[in-house]
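The first chain written gets the first letter, and so on, giving A, B, C and D; residue counts start at 1 in each chain.
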Amino acid sequence: MFLNNIVTSYSVFKTSKMHKGRLEAFSDGVLAIVITIMVLEIKVPHGNDLNALVPLFPIFISYVLSFIYLGIYWNNHHHMMQTVTAVTGDILWANLHLLFWLSLIPFVTGWMGENSFAPIPMALYGFILLMATIAYFILQKRIIAAQGKDSLLFHALGKDLKGKISPVLYIVAIASTYVSEWIAAGIYVLVALMWLIPDRRIENALIKADKNKLKGN
Amino acid sequence: MFLNNIVTSYSVFKTSKMHKGRLEAFSDGVLAIVITIMVLEIKVPHGNDLNALVPLFPIFISYVLSFIYLGIYWNNHHHMMQTVTAVTGDILWANLHLLFWLSLIPFVTGWMGENSFAPIPMALYGFILLMATIAYFILQKRIIAAQGKDSLLFHALGKDLKGKISPVLYIVAIASTYVSEWIAAGIYVLVALMWLIPDRRIENALIKADKNKLKGN
Amino acid sequence: MFLNNIVTSYSVFKTSKMHKGRLEAFSDGVLAIVITIMVLEIKVPHGNDLNALVPLFPIFISYVLSFIYLGIYWNNHHHMMQTVTAVTGDILWANLHLLFWLSLIPFVTGWMGENSFAPIPMALYGFILLMATIAYFILQKRIIAAQGKDSLLFHALGKDLKGKISPVLYIVAIASTYVSEWIAAGIYVLVALMWLIPDRRIENALIKADKNKLKGN
Amino acid sequence: MFLNNIVTSYSVFKTSKMHKGRLEAFSDGVLAIVITIMVLEIKVPHGNDLNALVPLFPIFISYVLSFIYLGIYWNNHHHMMQTVTAVTGDILWANLHLLFWLSLIPFVTGWMGENSFAPIPMALYGFILLMATIAYFILQKRIIAAQGKDSLLFHALGKDLKGKISPVLYIVAIASTYVSEWIAAGIYVLVALMWLIPDRRIENALIKADKNKLKGN
């Protein structure tokens, strides 16, 4: 009887297309806010000359780096969600878990920037990036689990080299802050570039290939 | 004459599908902001070592708890809205009433966290959760009232055990802060788990049942 | 030649349905943020007992009042936009003008609340409400101008008694702060109730009438 | 083999309509937040008389100017996106680059306002506007590159006089702060008016022309 009600409830709720729309809208909302409230950390200085801006420089650089990371996450989240056909409770919560770690980026960005890239804030920044990567990985697994090994995402991921190298690089970065915080800084920039640059080249190449194919037909 | 104008106005405005879209979009917007501005309570500390993070620990734990509660509300709101076909003024205002109490969660989360779970802030946290639960209950009633006893939501709810136990547990939690704030803390965690865990198990079970049925046909 | 380009440009851009969707999405976003950032004015107090909450009481009451006003604006904006078929530049800017005055509500709410309803903040609150009402009126006129006297909105508005009384009441409220700020407070509550309560009764009555008609057929 | 996976991945992800929807939703979200958090710079004053508002006057004027600029960007972004049919990685990143510079407007608005339009903050304000204009130009180029010289946007832009004059005027404004900050102020107002006013007149003229043509048929 009780189970019966839940079964009814479940089939009622299983109009998954709407589901996906709101999942995306909510994620877009959270990411838009996270990417924007970081700018509140760049506090308006009291002086009105260029010197007043000097102490803001590390905060600005941190902002740029985190803006790029959040842009990469938004971009990839976007792509991944396009392969999703049905949204399960698992996917909803795996998504919220990812948003949780991303929501901490403004805090670690502020701490890193205001301490001019001191070792411990640098390590914590890497830790949050690591947790976000793991959360993203879990979300991928949940989507594939819900949609089976024939899912688009499973095939699209392929060997997912970048997805596997990134967490290793974050761990190296965190450990490297014992030696020098600048190794970590270099790794964070490297990982961002790794996600940012090549995809665009490949995509452009593919668009051209696509056009040539169209001409050929 | 005057009534006539209003009648015209009413039928003009009764394209309820659009209605629902904006109701969801606005609710998603408010919930995305509420869940994200809580992180502004985790103020960037002045020190740059791990000790600087220690006083932030209760604030962080409060953030995690409230993030989960807001995730549960977003999730359930989402499900409930999928059963709505026509949006009335009653539903719009019952929804705003719910958003009002949820918008106070960042405040009580901050107060609870900054006072390391002192009794009175703990009780106020429970009070806001209680009011949000009542507001959610009113919203359910308004949806069923607008759509009749044959509405999908009415059947989907069934006995709604969790919906009835939660406010009782919040009242117990509020009262228990006289004795020890940790009883309240335990209850808040318990209610969150109650909403978080079993649904996913049931849903997974149902998905499997669904697949087996498909194979059977 | 130059004009020709602009003509091309104009017809290209005239796919007005998309237009309306983004106009609504942007307005929803701004209103969701405006309604939510007001809660940041309720600063977390330093004490951890009930006395610590006492100075927050006028701030809380201001928040409730402004939450209701913004809820009314969202609700009415929503209804009005449903009658819009084509979006012109005039409508876009009239809408931004309305959002501008609404965006100042958190500021005046904070000023009014932190000064426990002192006369000048009370008058400024009324002034912002007055400007928002005028902006809403201009937006209505722009929509009717774009769509002609046969537009749905023109007929739906009818005599628009509430729309005409509200600005008069705000002016009375602003003037009354010379005598006593509580007259103004009473008027603000009255106007909110005027928009909030009767519409729901009429709507409910109409839904019932609608159902009876359906049974009759 | 590896390239093959990426190719699969690319075609999987090439359902560009959804793409565009989320690109717009995310941009709307960021712009709605940027335009709204600026109001947080107008800090609630301590006094409760009109004198307490006097120091806020330059901050308020800065807010009005930036609100108009962001309104213009939202408006134009909106128009431009309507010509987009397929979204590439290039377009996504060019769009994020634009949002990055726009996200810095609250900071420069606050700095300019709190220093009552001092020369250096005035110059930085112009610099951010210049970078946003350049970013907007790059985004236009990326859209045209992705869609070819027959793209709607390419034809719609025509000679794009305003798009070419604006960066020149910003550079003049930045340089003019050496002489007097009021020249820069005048230029910023002028550029805003240039974008704001004429388009509406042309559009209105065109709507009338459109109606006359319809009558003629």
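By definition in this document, a contact is a pair of C-beta atoms (placed from the backbone, for glycine too) under 8 Å apart; a residue touches a chain by one contact, two chains touch by 3 or more.
Every value quoted in this text rests on a predicted model; they were computed, and no experiment measured them.
Counting the residue numbers that touch the partner chain, chain A and chain D have less than half of them in common. Using mean Cα coordinates as chain centres, the one most removed from chain B is D. One finds 25 Å separating the Cα centroids of chain B and chain C. Rounded to whole angstrom units, the spacing between the C-alpha centres of chain A and chain C is 36.
Counting partner chains per residue, chain A shows two or more touched chains at residues 25, 29, 32-33, 37, 40.
Partner chain B is touched in their complex by these residues of chain C: 24-25, 28-29, 31-33, 35-37, 39-40, 42, 44-45, 48-50, 53, 64, 67, 71, 74-75, 78-79, 82-83, 152, 155-159, 161, 196, 199-200, 202-204, 206-207. On chain A, the positions that touch chain B within their shared complex are 2, 4-10, 12-13, 15, 18-19, 22, 25-26, 29-30, 32-34, 37, 40-41, 88-90, 92-93, 96, 99-100, 103-104, 106-107, 110-111, 114-115, 118-121, 124, 146.
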